[in-house]
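Multiple structures follow.
Shared between the two complexes below is chain A, which has chain B as its partner in the first and chain C in the second.
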Partner chain A sequence: MNTPKNRNRRPEWLAGIFLTVALAAPAALQAEPVVKDGDLPMPLIERFENFGAKDGIPTHKVHAVYKTRDGHLWIGTWDGLCVREADGKFKRYGPEDGLSHKMVLCITEDPTTGDLWVATMRGLNKFSGGKFTQYTQTNSGLPNNVVYGCDVLDDMVVVATAAGAGILNLKTGQWRIFDHTNSLMHEPWCYAVKGAKDLIYWGIWGAGVLEYDFKKNTWKEYRDPDRDFHYDLVPDDGLINDITSWLSWEDGILWQNTYFGFTRYDGKKFKTWVQDQSPLLSNFTQIVWPHRRVAWIGMDKGVSVTDGEVWVNYEVGTDGEGIRTIHRPGAQPEKTVMNTALANRFVLGIYVDDEEAWFATSDGLSRGVYANPNPYKRLPGIAAAP
Partner chain B sequence: MKSRGFIITSLASVVAAGGLGVGGYYWSVAHVQRWTGMDHLGFVNCNHCHLVRVEKLPWAKERPRHPAPAGLAVSPDGRRLYIALDDVNEVAEADTATLQVNRRIKLAGGPYGLLAHPQDGRLFVTLRHADAVVELEPGRLTEVARIPVGKGPVCLAYTRTEAGERLIVANSLSDDASLLSLSPLAEIARPHTGREPFATAMSADGSVAFVVGRIAETKDFVTPAASELTLIRAATGRVLKRVPLESAHLAEGLATVASRGWALTPLVKVRNLIPITQVANGWVMSSGLGITLADGQTVQVPLDEANDYFADPSGIAVDPAGRYAYVVSGGSDAVSVVDLERLSDWLSKACELTRREAVDDLSLSAEYVVARLRTGRNPRAVTLSPDGRRLFVGERLADRVLVVDTATREPVGHVVLGDGGAWDPIRRGESVFTKAAHTFQSQFSCRSCHPDGHVDGLAYDFDGDGIGDNLLDNRSLHGLASTAPFKWIGSNPSVEVQCGPRFARVLMRTDPIPPDDLKDLATYLQSLPPTGWERRRDLALTPTQERGRQLFFATTRPDGTPIPRERQCQTCHRPPLFTARIPTAVGTRGPRDATELFDTPHLLGIGYSAPYLHDGRAKTLEELWTTYQTNDLHGVSSYWSKHQLNDLIEYLKTL
Partner chain C sequence: MKTLFGLLLGLGLPAAATAAGYGYVEKPEPPPVEPDDTCVSVPSDAAVTAGVYPYYANTPEEMLPFRGVEPVYRYWTTRLPFLGPGRDYPPPTDLKSLKVGLLSPASYGPEGERGQRTRKGVLLAFEEANAARQAGELPFEIFEREDAPQWGSAANIAVEFKDHDVLAFLGTIDGDATHVALRVALKIETYMINTSDPDPTLTETQIPWLTRIWPDDRQQCFRLADLIVRKHGCTRIAIFRESSRPGRVGVMHFANYIRRLGHPPIQHLFFKPGDQNIGPQIAALQAAEPDAILFYGQPGDVGRFARQFRQAGIKAKFFGFDRLQEDAFRENAGDAAEGTIITYFWDPNRPDPKWVEFKEKYRKRWGETPDAYAAYGYDGAKLLIEAINHAGPNRFLIRDYLAGLDEWDGVTGHMVFDGRWDNIVPISIAELKGGQWHFQPAPPITKLDHQKLTQR
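The block that comes next holds the complex of A and B.
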């Protein structure tokens, strides 16, 4: 934040960092201390379990992770779609099994039918009852083959592609597609999509977030008010940046990832974070998984978890150790060295539920094991799972 | 002077008439050439493109209706038999003791599938043309509830789950199934199924719903097609498994065997990838029974015997003890009685290889088919009384229900619904269409490839023009009236020629259909409306469809550049039939095709008749332009955006 106003604040900020480090040093020396997490609004991860080639994952790069309602864990990798079987090994599905392309970017589930929808670099796939059905730009109304994101909302599958947004009506088979020619979209490069009751949010590269009311067929645009690509001139005035790298929505709250910070929008107010003015690990945020109004944010330097007030960060140390830091408002950060760490600090995908957290990284898959089972049950103020 | 004047006037008239005729001829030839861009066409008259009125076509006119039995259901106490009469929009109730019809109630929308609630006898009816399920109160058969479901519901099954009572409905035209709760009557889920789901059943414990599609799905020209048996969790609608029934199609029946954990599916074993020469060897189509075991493995066994086939197996019923299955053969007017205990014995002894090859061994059926019961014309539906002592067989084209004593396997009598309609040439033609006796050893009927006159989605290799050459996609017979010529190369000028002696030689491999029967057959075929015509005809176009319509009829590109007339959609696919009936080259000739000129198909009901092009290479409408058009010969599409293509396809689905 190199605005004049921010430059004036830097000495205080730097002093805060030094003070924090000084106070936290003794804690950092203590390995695996007992952490009092009962007051935290989110579960605390006590250790990571990592999975890779030895477990049957065909490649080091894992893009997406998703646990279906029947308890199966699915991952999308650079080289196919995989499911974790009862013996803990991953079974791979590739183009030879009917998947339209080996590079899987996003996975979601139809909560009613259990059909898995799989976005790839060449088309959208439905995996249902063991059978793939391909939807490509040549055999269907899909706007473009490069499908970055997908979601299921009622009878609709919604997609974000490199050349526009799409809605497939599962009952009629009709596609509706949107781009810069028939919506508020400034350009058609859509990176993410999420259904939100009567609304659909699309994250647009360079054009912020578009909100589509599919019952009224109306659009609303959310942009960075200062329109500056590199700096957020006025905090909390709107989206932090127009380059939306991912977004998600849960329980009335929209979360936006950008490569220049992170945004929360509750329908009335915006809140933005950047790395040098908050505990956010990095401005380069690329995935968010909200669960019970807590955002799990994946970025190039690890994972930040926050409800907007309290933060817990998970980093990978220089020697491969895990570093967990708890940031409570008005308190000194509590830093802990963990014996285990994320498989890689570059986090591309996240899945979180009440039992565990999963992280897709650029060098393997990680499972975060909670320090306390069923952590949310101790926190009466947290929204119930949908 | 008068006679001289008369002569001069006459001569002048003849000359003028001749001049008009010759001039008109040359003008019309030039007119056709100008519009088609072709100068090598054969005979073309005004009717090819003009003067056609839909309301004058046979399929648009009112035709005689017949009380043909569709679905059957028996009340829980076994005293009443319910019969759906879709053609006359009625449901009949008959007394199972006297075999008399107690009453018939009107129920618009094509009542087709029936189910009687196993406890309280409430009757549930699928309305095939109204896309709904209605609940009838069993006493007076009055409607008490109605719920919309997918398109073309034809069958339903009941179960009680831990989450409540459920109905599963097969929606034949929307390729999905509606899972309904009964309290309240509401749709819980609509999972996709295989193509054209036509039968449903529930597992013995009520936890799993089975739905089978009657149309096989293809991957490519070298992979056998497969119909799909879809397993759905009955409580929630979650899809559990999709079981491919390899080389199987026309799967119209489904039953489960509680004691063995089996799902039984009568099927036509179709081998469309081998040349039609193999009809003579019994290799193209035979009838079988698919047995899906508890572990999901499927074994197919034959229902036919060597040199004696039982074509078009359709409905199936299994007795409460799980001992016998009754499979009706609509093409052969028979019921095959399968001893499931003997079948189970054979299965237990058969190795993996034997199981895999079983369906090709026509001597095998003697192991478990213990009886063949004769029926009236075209049995399709079958059900049993709750105690299993009475078998009810709907003889669809005889307007009767045959009642059989299962202990003696002798007929008890008939529930008579109508006179069979022998006076109606359309009905007689349908009888020819569904009769396997017109093919070699009664292996198949016209319906085997054209279920209800529609498509089976497969391409075939007719060997008359060379083995492996000129693969031909099976075309729908719906809406064919006034669309001659026929055949993909447009060489048959009429239905009578298409289905005549030559056809008997190249396909049926037996004597031609007798002339009178052939005439009736042609009458029947021309009475078939385009698929789903009734439900679409009065609907206004949506904005999307209207944009697609404008694209279809476009004469210029958006920049004002004229589109050559011969490449405008409307030239070759001219309304109202959306065909000019002139063979056209649109750049779709394949490496094994003998010609580049192919008949211009009509587009009525095209949304339901995938795949497309003469050899079925285009699996979807989109592929016509995205994958198999590179040169703007099949319409000028190079300027279309993805929006426009999607709009056009939505319009085509309205035709």
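The block that comes next holds the complex of A and C.
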């Protein structure tokens, strides 16, 4: 759920000072300048705060990060589910606490109950009232134990597993399973899922994106028109590739990750990006978190942030420095060397709201601190969050 | 402005703003390449050769899709690097063995016997390796699991491999199982060597944690297309294949290749494994009057159908994939098998010393003659052993070693790996004459451009 929160709003005069100073700064290359983000459709990150073993994170690899509505930060790691406590340290939950497997791949929250749903390499878990309830393929209707993605939509928990898509009806406890026998899937290899009002989108390995209208019980397929993995023949003609590694949806826009590039679909038109021919840092895109119609894309070379026109990239330099590059159409890229950087460039999970951005990486967790503490407050024309 | 321009160049940033607005340096024109019309040629399309590795698994240019049109983007002309951390992780201190996973097909399923032959090849290699370990060296330990028929079983097994801290794993024949295991391999960052999955799409997932040493159905498809259309001059080609995912992906490139050669399939008919009554398909083929039929399926099924086709008076020449070399095809087809031409990897009777020595060792250990499954299983295990010996018990360094290989020599012959980490060694053919398979030498191996490889 991408519900924005505006806790701890800073005074607007402070934003004005930021803007004034930013406009006076040189544009192209600066060492840790005052940033200029007033004309950007997304917040700029001015510094990263990194978290690892010293903070109680039990392992290098962090797969997922999620902030619940009560403000708690949860991370899914290679070795357990963790929550950040008041002292800033992370408390770990593992199989010994009832979690079905130590490798956590995805976390989401039921906005109605506050229950946490946790996808792991061996089963789905509900964390409620301090207790885990496990859902596996042998004790429930979960299609397969390897659960890559989960989401909550109305009274449904929807999952993407290695061998099928599933819907758990929270009222009845009944499961529905979809695979190649009762949907448009060629193979039931589901790697991402996102609820979208009356629709559910599943990212399928080799079959692009499937749209399921659960009220009408109808399916629609989105594919790469090339139907070949060795090339992208024409840009913007559909999905960039049929192998979907992740997807998300927000405010009418579907974003697709692949290891071949990135796609945006607004319901009418597709837009595709590949590295070297666009500001997209890498074709190997692993995660997207949309917020206010801006996609925060995690990949093997860092993070790209875009509304489809303007791009801001965050990379890690060879000496560990942060590199931020702003790409505006028709303008030279503006590159800034930052004193801080992502914990690692291999970004696996992202959470973004109005206050901050969090990045789960292969070597720790990072918090992106915005240059403007309330970036959306003074940007007229930005759509209100759904 | 000049200063700014120079500064940007110095930082490695793109210099020229294009109409799109982001300013990227145009790629230089690739050098012209001499045309070559042999089946395993490097394509003559200059743009295709701009990459480090052969494009489209070295498919001949006239069989490439959209030839003459430059796509907006080509993949696998170079290899995707793995940019994550892990190479400097300290080695585990409590290891008692070097664990390696082996994912085999269910022994009771349609691929069971082939899987057992693969397993024997793998076991032989590890037995040899353990016998050669020096004092103080940890032994190898194989952690074995058999796949189950339901989809997704292999994903659960791959997780189990991680739970047991395998350093890498081998497997398997079934394309479905390998696909789902591969996706898990990316998550658990554990390398997979595939020794026998022919699915062309397996390596096209852009997951840098897989090497496949088994030449896939795409390479067999363009060899067959070349053979049927250009060498034998067939123009009315029918495809008769198993109604299954392996059948679908197995022939898909063949159908495209012969279409691009000007002779699309006149029939594309299916059968179910075990079918006995194929009257409707026979009637359709009789009406279509093909001059060539390409089979894809289990050898026993295909043998039975070949006999029925001949009994029905169908005179088309029969072609097929490597599996028809198995005895079940000849046994069920009887005389109808005569003249069938198949693709195969190499001549199993060749006098190559490495191959002869392996055959002898395998016979001595298992009391039977090795086939391609056993031999590629052995080679896959040997390759993995080599990687672990070289890299030590670090999954990331093992990955780097394997993903960095361009060529390798095994008992199956010389291997050449492309940008997808796929062995694209040319495919041989065999013809059944007088009840015996007569193997022809494979076309010459296309050499990788070592100058380009060095410049990576």
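FYI, the second predicted complex is superposed on the first by the 357 of 386 C-alpha atoms of A that agree within 3 Å, B and C clash if a C-alpha of one lies under 4 Å from a C-alpha of the other, contacts with A are read in each partner's own complex, and residues count from 1 in each chain.
Note that in this section a residue touches a chain if its C-beta (ideal position, glycine included) is under 8 Å from a C-beta of that chain, and two chains touch if they have at least 3 such contacts.
The shown structure was predicted, so the numbers you read here are calculated from the model rather than taken from an experiment.
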item	value
Superposition on chain A - do chain B and chain C clash or fit	fit
Contacts of A:Q332 with chain B and chain C, given as first, second, both or neither	second
Contacts of A:P143 with chain B and chain C, given as first, second, both or neither	both
Which of chain B and chain C A:N372 touches, first, second, both or neither	neither
Partner touching more residues of chain A, whether chain B or chain C	C
Partner chain(s) touched by A:W205 [first = chain B, second = chain C, both, neither]	second
Contacts of A:F346 with chain B and chain C, given as first, second, both or neither	second
Minimum distance between Cα atoms of chain B and chain C in the superposition (Å)	7
Residues of chain A at both interfaces, chain B in one complex, chain C in the other	137, 143-144, 163-164, 179
Residue ranges of chain C in contact with chain A within the complex	4, 7-8, 11, 13-14, 17, 20-24, 55-56, 65-66, 69, 71-76, 80, 82-86, 89, 150-153, 155-156, 159, 162, 176, 179-180, 183-184, 187-188, 201, 204-207, 245
Residues of chain A that touch chain B when the two form their complex	70, 112-115, 126, 128-131, 133, 137-141, 143-144, 155, 163-164, 170-171, 173-177, 179, 181-182
Complex interface listing, chain A residues touching chain C	28-29, 60, 63, 101, 103, 105, 121-122, 137, 143-146, 161-164, 179, 186-189, 191, 205-206, 226, 228-235, 243, 259-261, 274, 276-279, 283-284, 300-301, 311, 325, 327-333, 335, 344-346, 362-363
Of all residues in chain B, those that touch chain A in their complex	150, 174, 176, 188-192, 228, 230-231, 233, 236-242, 244, 544, 619-620, 622-623, 626-627, 641-643, 645-646, 649-650
